[in-house]
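Below you'll find a set of structures to go through.
Next, two complexes with chain A in common: one pairs it with chain B, the other with chain C.
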Partner chain A sequence: MDRQVIRVLALASLVTTAPFGAAAHQLIVFASVDCEGVTVEAKFSNGRVVQKGEVRVFDGNNALQSTLELQSDGTANVPLDTVDHSGGLVIEVDTGGHDNYWIVTPEDIARKCGS
Partner chain B sequence: MFRRAFLIGVTSVAMLATWPTWAQDRPRVVAVNYALQYFAERLLGDAADVVFPVPDGVDPSFWRPTIADISMIQSADLILLNGAGFATWVDRVSLPRSKVVNTSASIEDKYIVTESITHSHGDGGEHSHDGLASYLWLDPLLAIAQAEAISSSIKRRGLAPAVEIDERFQALKADLEALDNRARESLSDKPVSVIVTHPRYQYFARRYGITVKSLEWEAGTAPTPEEGKELVALSEASGAKILVWEAAPPQAALDLAESFRLKSAVFPPLARRPESGDFLESYNAFLDDFVAAQSGN
Partner chain C sequence: MKNYLLTASLAAFIAATPAWSHYGMIIPSDPMISQEDGRSVGLTMSFSHPFELDGMMLDSPVAFSVTHEGSTTDLLSSLQDATVMEEQGYTLNYPLERPGTYIFSMEPQPYWEPAEDAFIIHYTKTYVTAYGDDEGWDTELGLKTEVVPLTKPFGLWEHNVFQGIIKLDGEPVPYAEVEVEFFNEGLAATAPDELMITQTVKADADGVFTYAPPAAGWWGFAALNTADYTITEEGSGEEKAVELGAVIWVHFEEWTGK
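== the complex of A and B ==
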């Protein structure tokens, strides 16, 4: 395919997608646990990776335990030995425009620990 | 292995201590809304405790549970979900797959897609959030499908004898069919346009051919002057003669509607237990209200 055709196709695709710029997306937060830590993953419902966002970790009494930044791949790791997880954890992710959470119960941690 | 079992045991006891003590020999079923709780209670009788865990005054669609709530739910014998995007918390926790039942899985082709909300913030540009109408049970035929899904899951998990469950399901189905017949006779004989104070009634409206225009008012409160203007504009644009409230409003609010020549009817959407009566009694009371409003009484 020559450059002229590629340029035309690129322009056509820009023109056709521009009016539909209002894309639907919501923030999806997921956290998985093992004995070492909690791995937090955040992405938008349209599949786009969340490149920037704040992760807040709360304990079972809703006290803030830790705050960290999402990595550029949309993940963050919370080492369990840095937080009081005996009453479970609530993981909140805030991108500035969207926010969402994931609840980790003590049973979730106990179930994974040692498995 | 021992450590793992010990951890699970200790944490379970600790977290469940914040919930009422459950009888050891009775299974526990958790429902995400009152409608599902009602169906499960009708089907189970005394065979299980059916728990609706959302505190008073909280919209169960958007309830944010605590860790203790989720611990209690995870340990239930059956977890009844509504589907159609109802109860956003269910996508934010780990639930044991073998105990979870999506009661609308068989009627997903009946879902109503709601208008999307478009907004913008930060540098993300304008974007929208589509949604699904989730108050399926306000169409009694869809309610029957949900009840049938509950019935099957109860039998599958052996929570009560199958023969008893089948008998109770037939009784519940007959009640819901009678409700549907009554609603069709009351509502479907002529085109009706109504205004509702909250967008909850999409499935009800579709079932009975009612044109609904929705406001976004707080349940049980009097409208502000701005909301009053919005009501007048919507009433004039739609030609609606009936205003449906999701909770009984103050008398001043009823008087305001009357001054705009709008008759009022109260229809609790039954996501929570109504203030009086049960699912069927509340729905029937609304039909009484609605028929009276239609006839101008």
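== the complex of A and C ==
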């Protein structure tokens, strides 16, 4: 599944499940990847770290793979061997009042660990 | 009489000489990179008269770097030769590993401009934001001279004002002159008078200037000052003045409302 399809699925998911955040500050979600796992980071656009929130991990077919809580430093770790990442991943963070997502593409994973 | 004719002829020549300003240029493929845009930004570096798309030779810069999250990385060896506006320029594709603001900065070699009897050094920079995170948009690099943005230097609508502080050796420059010019891609814009090609505003007593562009696109702001040193011109062996330019390129977006 290519990045465009993942993106469409992610956007469709967001449109159907979450309202757009209309607050003055936005939620910024980013995920970096290495061969071991995905490190999720969430902060608000004013620089404040998100202290509490739910992280949902979807595979390339938009199937929920994992749900976990953000740590108090605004990060979460998703071991790659616990999810099907062959078609990429959509990492969604929901703080209750804000939500946003980051798409980990198969190319992102391949670039970082050469697989 | 002969002297008069010579003077008149010289005046006509000077009048016919374009009054365009020189600009160091760093133009990103996009000033706001979202995750859907990919994981890198393309950059094109040149030296030109941007309204007329009149390129000049940009020799290998003295310095080219990127600053992100307080860390500066030398990118000089990563520049690729390119022809820009029919002259020597450079390109670079830079990977954006993390969110935040990336400030690309270039110090060119001194450019000898016989028409001005001076050397020109334009310290040039532009700001690129990645993945929705604008942290670092007001970063001051500590260049010899630079425009420190008071307005976020991306995410601007056309007609928004842009404000910055002009600094030289880290200090604001009261009433400094700032030349403003449009990067006239495709030569779509025409000027009814030469005075409209390069507009000029002055900073206030605190070195703060303000400008609102009439249209979307890339706009260059060049704050010009004379250096407190000279450079020897090889041909004549004479010491020549040095024009220091603090150049920043800012993109204004087309208003999408009615």
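Note that in this section the second predicted complex is superposed on the first by the 90 of 115 C-alpha atoms of A that agree within 3 Å, B and C clash if a C-alpha of one lies under 4 Å from a C-alpha of the other, contacts with A are read in each partner's own complex, and residues count from 1 in each chain.
One rule holds in what follows: contacts are C-beta pairs under 8 Å (C-beta built on N, C-alpha and C of every residue); 3 or more make two chains touch, one makes a residue touch a chain.
Because the structure is predicted, anything quoted here is derived from the model rather than measured.
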If chain A is used to align the two complexes, do chain B and chain C fit next to each other or clash?
clash
In this superposition, which partner touches a larger number of chain A residues, chain B or chain C?
B
Figure out whether A:T82 sits in contact with chain B (first) or chain C (second), or with both, or with neither.
neither
Just to be sure I read the superposition right, which of the two partners does A:G47 touch: chain B = first, chain C = second, or both, or neither?
second
For A:C113, select first, second, both or neither according to whether it touches chain B, chain C, the two together, or no partner.
first
Thinking of the overlay built on chain A, is A:S72 touched by chain B (first), by chain C (second), by both, or by neither?
neither
Once chain A of both complexes is superposed, is A:Q26 in touch with chain B (first), chain C (second), both, or neither?
both
Between chain B and chain C, whom does A:W102 touch in the aligned arrangement: first, second, both, or neither?
both
Stretch of chain B hitting chain C after superposition, from 6-14, 42-50, 60-68 or 96-104, is 96-104
Interface residues of chain A shared between complexes with chain B and chain C
26, 28, 100, 102-103, 108, 111
For the chain A and chain B complex, residues of the former touching the latter:
21-26, 28-29, 60, 62, 86-90, 95-97, 100-111, 113-115
Touching residues on chain A, where the partner in the complex is chain C
7, 26, 28, 30, 32, 43, 45, 47, 100, 102-103, 108, 111
Chain B contacts chain A in the complex at 1, 3-4, 7-8, 11-12, 14-15, 64-68, 70-71, 74-75, 89, 91-94, 116, 118, 121-122, 124-130
What residues of chain C sit close enough to touch chain A in their complex?
35-36, 39, 97-99, 131-135
